[in-house]
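Below, each structure is written out as structure tokens.
Two complexes, one shared chain (chain A), two partners (chain B, chain C).
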Partner chain A sequence: MTELAISSQGLQKIYPQVRAVDGLDLNVPRGAVYGFLGRNGAGKTTTIKTLLGLVRPSAGAAQVLGLDIRKDHLAILERTGFVSETKLLFESLTARQLIRFNRGYFPKWSDALAERYAGLFEIPMDQPFRKLSLGNRTKVCHLLALSQGADLLLLDDPTSGLDPVMTDLLMEILIEDHVNEGRTVLFSSHHLSEVEKIAEWIGILEAGKLLLEARLEDIRQNFRLVIVSGDSLLMLAAPNLVFHKRAEKFSRFLVSYDAEEFAAKLRGEGATVLEISPVNLGEVFLGLAGKELPCMPGSAGTTRATA
Partner chain B sequence: MYAWKCWHDSRDRVILYALASLAIGLMFGAIALAQYHRWLSYAWVWNSHVRRWYMDPVRWAWDWALYMTEGSIFPAALWVALTLGAVSVGREYRSGAMPFLLTRPASRKAFVWTDWSLGLAEMTVILAMMVVGVVSVLCRISRDYVWLSFPPLLGCVLLGAALYGLTHFTTALAGSSMKGLSASAAVILFYELLPGALQEWWRLSGPLKLRDWSLNLWEYKSGVNDPFTLHGWPMMMWLLVALAFPLLSQFVLEWREVKTSRDLCISGHVGSTGAIG
Partner chain C sequence: MLFHVNTSSGVPVYLQIEGQVKHAVAAGALKQGDVLLSVRKLAAELRVNPNTVARAYQNLESHGVIRAVPGGGTYVADCQPGLLKSEKVRRLRPLARQLAVEGAQLRLAPEEVVKLLEDEMNGLGGRR
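Right after this comes the complex of A and B.
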């Protein structure tokens, strides 16, 4: 069994008017890059905050680096780097002063790494944080999280404000300096191309529920979209069925393996199989989390903006 | 680390206030010193009437200076307590830096008490500077009465600690400097005005008596050997109040969740993201 950096069992966070996290069973393997996907309000940020103790879970349990989130809060924080969605730090301090503030909290802090990232990210080190652009604020947040020698990085929308060059650089750093060192990265994003570029695992969250957790390689190799036409098709309850969507005479089935066998069953139900095609992450995400449009043959791969 | 950050944020204000406080103290000392010299030039007065009450013109000068200090140090304590309390840890909710702060591996209790202790130390230094100003001038004529300056300073620090703690707590509760400051000022006004109003409207004198008793931390009596008498029970009460507020701030910080987007939206900092995803 793979050792897990993060695991949760029925994790819930319920606010008076919304179930932000609803029975989440998350399994993030150690040493993996895990892309945490979901639409706005899906519960990604709340999940990350729950893991870090910023919000209290309403029910369920979770472990981070083998430590219980309720009991071992400070031990988790000591080993976890976090970049928040808002990218807000102390406004009065410069990046250099923020480093000075931060380093004392983390036993594995590396000044050499901080200096390296400051150079690579081209951060104006002596400007107060409040005067920095969004991009530079994001870079400072990353510098602090990456230099603390964390075993786990939780990055909430890590590329907001970054230009493509810096985004690419950050991705490289995450892989070379962290994942190759056996560390774990979980990052939430709306940019599927970024996720596809570096993630090994993905989790898709919608309305607080984890709809899919899979290896990206599995999605590429084994997942297939089966489009069929036919009236009165039975809803199949196959173990390999990820989702089924129906519009007028057409139905779309996303299956995680054995697509041909699945299609044969549909034919047995009287359906006409129009297409069996491999899928990319965008199609899986839109299929699971996207809104419905009338389904037409050949439109299975239509992508719409999800952010 | 956090103490350094708090000091970094407050040092300009503290230095300014401390210098102003010192200047006021020096001014009071100088006025008393000038008065002392004037009294000396009217030596005949000493030999006739005033000498009945004042054995020593030096003592008269000290009493004069400390009487003026007493009248200024309380408003100064109120001002310093409110302004330092409003820039305490609770304001990080509004600034959006609370997720960053609370994901440093240190207990929330440590953040609250570090911040509170530093603020209290700063306030004590600021108020003490006024007394230092007086003492440094009047020591030129005698050091025999330096001890006279300690009771009002102690009383004011204690009262200031309670007011500072109140503002510290309201800022943590409101999550914003301005709201915390307003709430604290409202509580102080309410505390001041309500007993009087109750007596005026419903002839309830109890609250007024309690307020007067609780504010009567020390007593100043001109011309007696021990003019400043510290009152034990009011001081004990204010000490308890002063210590209760950081505990309440700690409770707020430990139980309040950091739902950044929502918090910021409520306070109007970020208008665009109301989602909790």
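Right after this comes the complex of A and C.
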């Protein structure tokens, strides 16, 4: 048994027009809840499909539950619950028929769980899938993925179309029935407050590359935003620097550890340190993946909001 | 339901849980010997990672607020333990400093800040 539920080394998926996954080194510990973050088109969906063996990698390697994605993808699919971004299933089948169709593929399938989720999610079980709303389609996808007794759940945007009550219910189910049982959950999401509550690890993806992979607790405890003013700041090539942004005479540095020492160096260069403050996930994400608005004429002399 | 968490507050979730347990004990809402929800139950109830709750419980236990019986649940411990006075003061000092800074910022007189603190202490009621 390896310690990691998912690990990849230099994983690549190159399409003619785009390098969707571009040298990814992912490490998802067993039993962790891993929030997989990134802007639209960052490569999250392609990564998830590649890990499942649904898309062939162009280069690199990856192991899921200790299995090789190039050779063992059937075994991976058997042990992994997957909710796709598109939430597409056979259109003409009802939820009840989909359950009958799916259960045979999964040796650890639980009818009791399927029944429990059908009730909790209030799913219309006898309507053909094509007649269901996006929310109900999402719920059917969850019912199927969560009932199969999987060791790993890969959930691509799992809350799309769900109302706040159902989102909350899904979180409760994930914790109660899956995380508490030591299963691994990786989910992509744009809802940072959800991720911040439930995730233990986060990975931030941009243009197919992982910009940051860290324990959320480490971000809260050790990451600090250092805000300084000063005219001629050298860009520091410090190993603990995550990003640096500059707007007029102010600079913001995100450092991953030893913030006080870092600030002391800046003071040594003649800068005035205005603030050293903890950061939340949103600030880290926007700092790494966010765009800055172009400077508008007439705004000279004011401080631009940093994305 | 006694506890709640707010992820946008910037306060780490485990500290929020710690703070709420301490507050409930100080206010007498939780009494010595009361049973706390298990880590798994509270995690599911709050929709937070079980490790987060486990961490809060560990800290509360090391501060002597709660007591975990292996395999037998978690209870509110008997009174504040035999902490040295100097240790109690050390733990409280950062909060006192913050209060002083905020008070000065708002141009409140020291007596007004102290009065505020007294009101809050009185508001706790319960055992002290």
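The working rule: the second predicted complex is superposed on the first by the 290 of 307 C-alpha atoms of A that agree within 3 Å, B and C clash if a C-alpha of one lies under 4 Å from a C-alpha of the other, contacts with A are read in each partner's own complex, and residues count from 1 in each chain.
By definition in this document, a residue touches a chain if its C-beta (ideal position, glycine included) is under 8 Å from a C-beta of that chain, and two chains touch if they have at least 3 such contacts.
Keep in mind that this is a model prediction, so the values were computed, not measured.
After alignment on the shared chain A, the placement of chain B and chain C results in a side-by-side fit free of clashes.
After the chain A superposition, the centres of chain B and chain C are separated by 140° when viewed from the C-alpha centre of chain A, nearest 10. Set side by side, chain B and chain C differ in how many residues of chain A they touch, and the one touching more is B. Once the two complexes are overlaid on the shared chain, A:Y15 sits against chain B while remaining clear of chain C.
Of the two partner chains placed around the shared chain by superposition, neither chain B nor chain C is touched by A:Y117. Contacts of A:M171 after superposition: chain C is touched, whereas chain B is not reached. Contacts of A:F101 after superposition on the shared chain: chain B is touched, whereas chain C is not. When the two structures are aligned on the shared chain, A:L89 is found in touch with chain B, with no touch to chain C. By the document's definition of touching, neither partner reaches A:F250: not chain B, not chain C.
After superposing the two complexes on their shared chain, the closest approach between C-alpha atoms of chain B and chain C is 26 Å. Residues of chain A touching chain C in their complex: 33, 168, 171-172, 175-176, 179-180, 193, 196-200, 217, 220-221, 278, 280. If you check the complex, the residues on chain C that touch chain A are 5, 7-8, 10, 12-13, 40, 43-51, 55. In the complex of the two chains, the chain A residues touching chain B come out as 15, 18, 20, 38-46, 49, 52-56, 74-75, 77-78, 80, 82, 84-86, 88-93, 97, 100-102, 104-106, 141, 205. Across the interface of their complex, chain A is touched by residues 1-2, 4-5, 8-9, 92, 95-97, 99-107, 257-261, 264, 270, 273, 275-277 of chain B.
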